[in-house]
Amino acid sequence: EGETVGPEIGRLLRPRTPATHKGTYGHLLIVAGSIGKTGAAILSALGGLHSGTGLVSLAVPHGLNPIFETALPEAMSIPLPGSETVPGYEDYDLILEATGGKSALVIGPGLGTDSRTRELVLHLYRDVTLPMVLDADALNILALEPHLIDNPPAPRILTPHPGEMARLTGLSTGAIQADRVGAATFFAGRAGQSEIITVLKGAGTMIGDSRGSWAVNTSGNPGMATGGMGDVLAGLIGGLLAQKYAPWDAARLGVYLHGLAADLLQDRKKVGFTASEVAAMLPEAMTELMAQTSH
Amino acid sequence: EGETVGPEIGRLLRPRTPATHKGTYGHLLIVAGSIGKTGAAILSALGGLHSGTGLVSLAVPHGLNPIFETALPEAMSIPLPGSETVPGYEDYDLILEATGGKSALVIGPGLGTDSRTRELVLHLYRDVTLPMVLDADALNILALEPHLIDNPPAPRILTPHPGEMARLTGLSTGAIQADRVGAATFFAGRAGQSEIITVLKGAGTMIGDSRGSWAVNTSGNPGMATGGMGDVLAGLIGGLLAQKYAPWDAARLGVYLHGLAADLLQDRKKVGFTASEVAAMLPEAMTELMAQTSH
Amino acid sequence: EGETVGPEIGRLLRPRTPATHKGTYGHLLIVAGSIGKTGAAILSALGGLHSGTGLVSLAVPHGLNPIFETALPEAMSIPLPGSETVPGYEDYDLILEATGGKSALVIGPGLGTDSRTRELVLHLYRDVTLPMVLDADALNILALEPHLIDNPPAPRILTPHPGEMARLTGLSTGAIQADRVGAATFFAGRAGQSEIITVLKGAGTMIGDSRGSWAVNTSGNPGMATGGMGDVLAGLIGGLLAQKYAPWDAARLGVYLHGLAADLLQDRKKVGFTASEVAAMLPEAMTELMAQTSH
Amino acid sequence: EGETVGPEIGRLLRPRTPATHKGTYGHLLIVAGSIGKTGAAILSALGGLHSGTGLVSLAVPHGLNPIFETALPEAMSIPLPGSETVPGYEDYDLILEATGGKSALVIGPGLGTDSRTRELVLHLYRDVTLPMVLDADALNILALEPHLIDNPPAPRILTPHPGEMARLTGLSTGAIQADRVGAATFFAGRAGQSEIITVLKGAGTMIGDSRGSWAVNTSGNPGMATGGMGDVLAGLIGGLLAQKYAPWDAARLGVYLHGLAADLLQDRKKVGFTASEVAAMLPEAMTELMAQTSH
């Protein structure tokens, strides 16, 4: 029962009505960034900010906080007192408390796989009742304890590239690529009362969910094969979740918009554009998609 | 006696004559920003800078000063020696002294509600003889001692969203929304020799003053329902006050221009644009408005 | 013998020939910036960078160095070991040594008037044999010891606004404005073997030199009446000096280009544009001026 | 056997096929930047990022790391624990380990010539088996021990301006300029099993290799005679090497694209544009070049 994700996905975009305010559009929390890799967290935040969500907050190691405050005036930061340069389990309670009043969580970009970080990620995966996007190092951490993936307490969207998917499944990257539908639906039937969605990145990103549905994306171009693009996507999907799009819709919309934003750059730039530029094009991609679907 | 604020408000914009200099256009002081929320102060400063005011200075916790100096080359900063990460009453004397030579004060964005901050805000509200914009946490602090609001020594413009207005008045948010005219004129007759203006934000922002006048704005769009937009508005109104626009004019012009700047983005971006982008569009909004009203 | 500075000044712009390299276009040294006012130094550097000079270096208090390195990738910085937050005489020897291999010096923007800074400025004024632009606080410092102004060892360009000129001359601001030609030529006959040029800012900026010539500028607009514009001008004139334009030419070209850059913004922005935006428009202003004068 | 490098060089640009990912396009490591000269490293990273390479990492002194993290969200950084403000031999092992999984190395921009840095550069030159670009201070260091240049273990691209080439060869700058072909092929026959390419910068940049071939570039303009342009070029060539372009192709393509990017700015900006602007135009230059050669 696969589907193709093309411009018609724009019908899912909900037009905004005047009598709304930032509270209507949710509050995204991002747990990301460690020393040397704060850029991944910044790019995720840009993806979230340009998704149209109401607010974005980043929980970050306190020693790196000035970097985030300088780079991201529209986001708020939560300097983690127990974490100097790497987010760790020491700040678990504070982060859990910070999920209060939030509507979605993104975890992983630039996180590293320090042992303190591992414990933090695994506990948040098991405990947080918000819909949650897991990317990058959060996936590498989950891959160390794959039995913890099943039956999460709330929807989880995993956004692996094929190498990360191989680690999550114990299969080879070749096997993942040979059966991308199979990989994207690997967690079918394993989410219990909840939902696990897999966004298997690559040309023709495949989106599968634990209910067995799958879809293949048609937007995007090989100029996107560069660092930081996945971070923007994680933040974008998180921002859509924060706006209360259903996980299956947020995943498909996010993947399509992300590729469309990069496609809008192609007239002038076939290659060499950056992830920041794709993030900055997301509003134009949404506007274009609304126009195509008569919003 | 309500009025509608549309493009005709542009007639209030005073054309600039050649024989003027930066001193002609005032000096705005902003007291804002605390750790994790410096972005709100940056956005307010951008609102002020793009309003056309002569100079903008920010009084900020000294531990956060490098963030502001890096992000805002056109603004000056005053690192507060007694405040490391949160502005506090320890620096009251210095801030009061800094109001010398200034023409307006904005207080509140990203301030937090620490007890030291509370004392600072309340004293400045009661003591400063400059026109003053109060936003965000400054309003939450005023709401703790609402009896201090009446009879200020100089004009005060409060810019609450409905939740903040509820706290200021002791009413429910529902009650505020049910009678927005009543809310915007809540302080009618309570300013003594001075003036209190309420800018009740939301779709159709309502501006009311203590003399009983009220006006409803017609510019703006729901893409503005995202973090930081209010910070830009506070800085913009402050910048107009600093240029010696009468408070009632500064409030109405500021609200209209803020919405118009966001409307100018709508051709390309229906949603997902940021508060920085709105601030950067303010000069084009002023230019557009001048053209429409034959300046 | 006054002249009007209009587009014909573009004839002074020397077309670049292919067989040149960055060494051909000089190296500008800027001594500027103190805590709270680093932005002025950044804006001066942007003026220098966009003038087409080969290299720009900033000598800055070491405690503020990260701000400059983050904001200005094209400029180099010289962190002053004896100055933590304010440039001081402790670093006189190092700065004098740094003038080696440089072709012009700008001093003043955002400098403050600390006693240590005063001594530094006065000694550099008397000792440095490079052409030198003095702006802002450097002028306020010179005004404390006006007898030191005469007979400098190399050309000096002073860029006061009327208030600073009043302090330099001991006259009132009213007297300065009443006789702007007289003010701009105040130092006539007082430069000995050298040259002192006065750029008296304001609508119709007046440029006068110690040989008695004067000129009045015709570009620019009142949207420029905002903070940081003078810092950009000082850096621009310094950048032209570094490229070996004669001081009288550098002053007139700099003033005209600065106004033209701001005029090029006027179609879209009558007011509310920033000094950074004017600096960024300098290359287009030079290109426009070259085209008008058939380069 | 000299050749001219014109638009036909675009035929070397390999079109991207859909089934590729960031790993396909390599990972560039940059060792650059010291206190006061971090900008050179930032500009090199921008050259690399806009070349279309998959990933860029910078090994930087740990005391300067926040500068890089703030300025470059798309790059990762490796804070060097043994180097506070200048990269040194103390971190040799860590850097050598960091070359694992990388596909090219750029060393030199903003490095300084501290004795600790010298040892680091010379060892990396002799030991690293990745293709490597050496620029700026790395060349000045090589010039101190020119006998170490011959027979490197992997391709080396040296990008001197004439003064640096004079130091590398022991000739005068005049002699270099008098025989630019001779200079560019100075290392002919001296690379053993490997390859040494010389990119002799200046009007008509000359590219020569140790096999005796040489080529002269036809793109570019004298507006490029300003600081940081060489840093961008080094990063760009490094980014092409990382994408597995042969060194001879990477050098010629890099030089041509760099000049073309600056030429694309000439309609609006003849002079005064910055190295950051040239880096940002690289994607458009590549796209233009692809179009001209019917990609």
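Letters A, B, C and D name the chains as they come in the text, with residue numbers starting at 1 for each one.
Note that a residue touches a chain if its C-beta (ideal position, glycine included) is under 8 Å from a C-beta of that chain, and two chains touch if they have at least 3 such contacts.
Nothing here was measured: the structure is a model prediction, and the numbers come from that model.
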Any chain in contact with chain B as well as chain C: none
Fraction-based call for chain B against chain A, same above half, different below: different
Averaged-CA centre spacing for the pair chain D and chain A, given as whole angstrom: 34
Rounded Å distance, chain A centre to chain C centre (Cα mean): 49
Multi-partner residues of chain B (each touching 2 or more other chains): 66, 70
Inter-chain touch pairs (all): A-B, A-D, B-C, C-D
In the complex, chain D residues that touch chain A: 16-25, 49-56, 65-66, 69-70, 72-79, 282-284, 286-287, 290, 295
Touch list for chain C against partner chain B, complex: 35-40, 42-43, 46, 64, 66-67, 70-71, 161-163, 201-204, 221-223, 225-229, 268-276
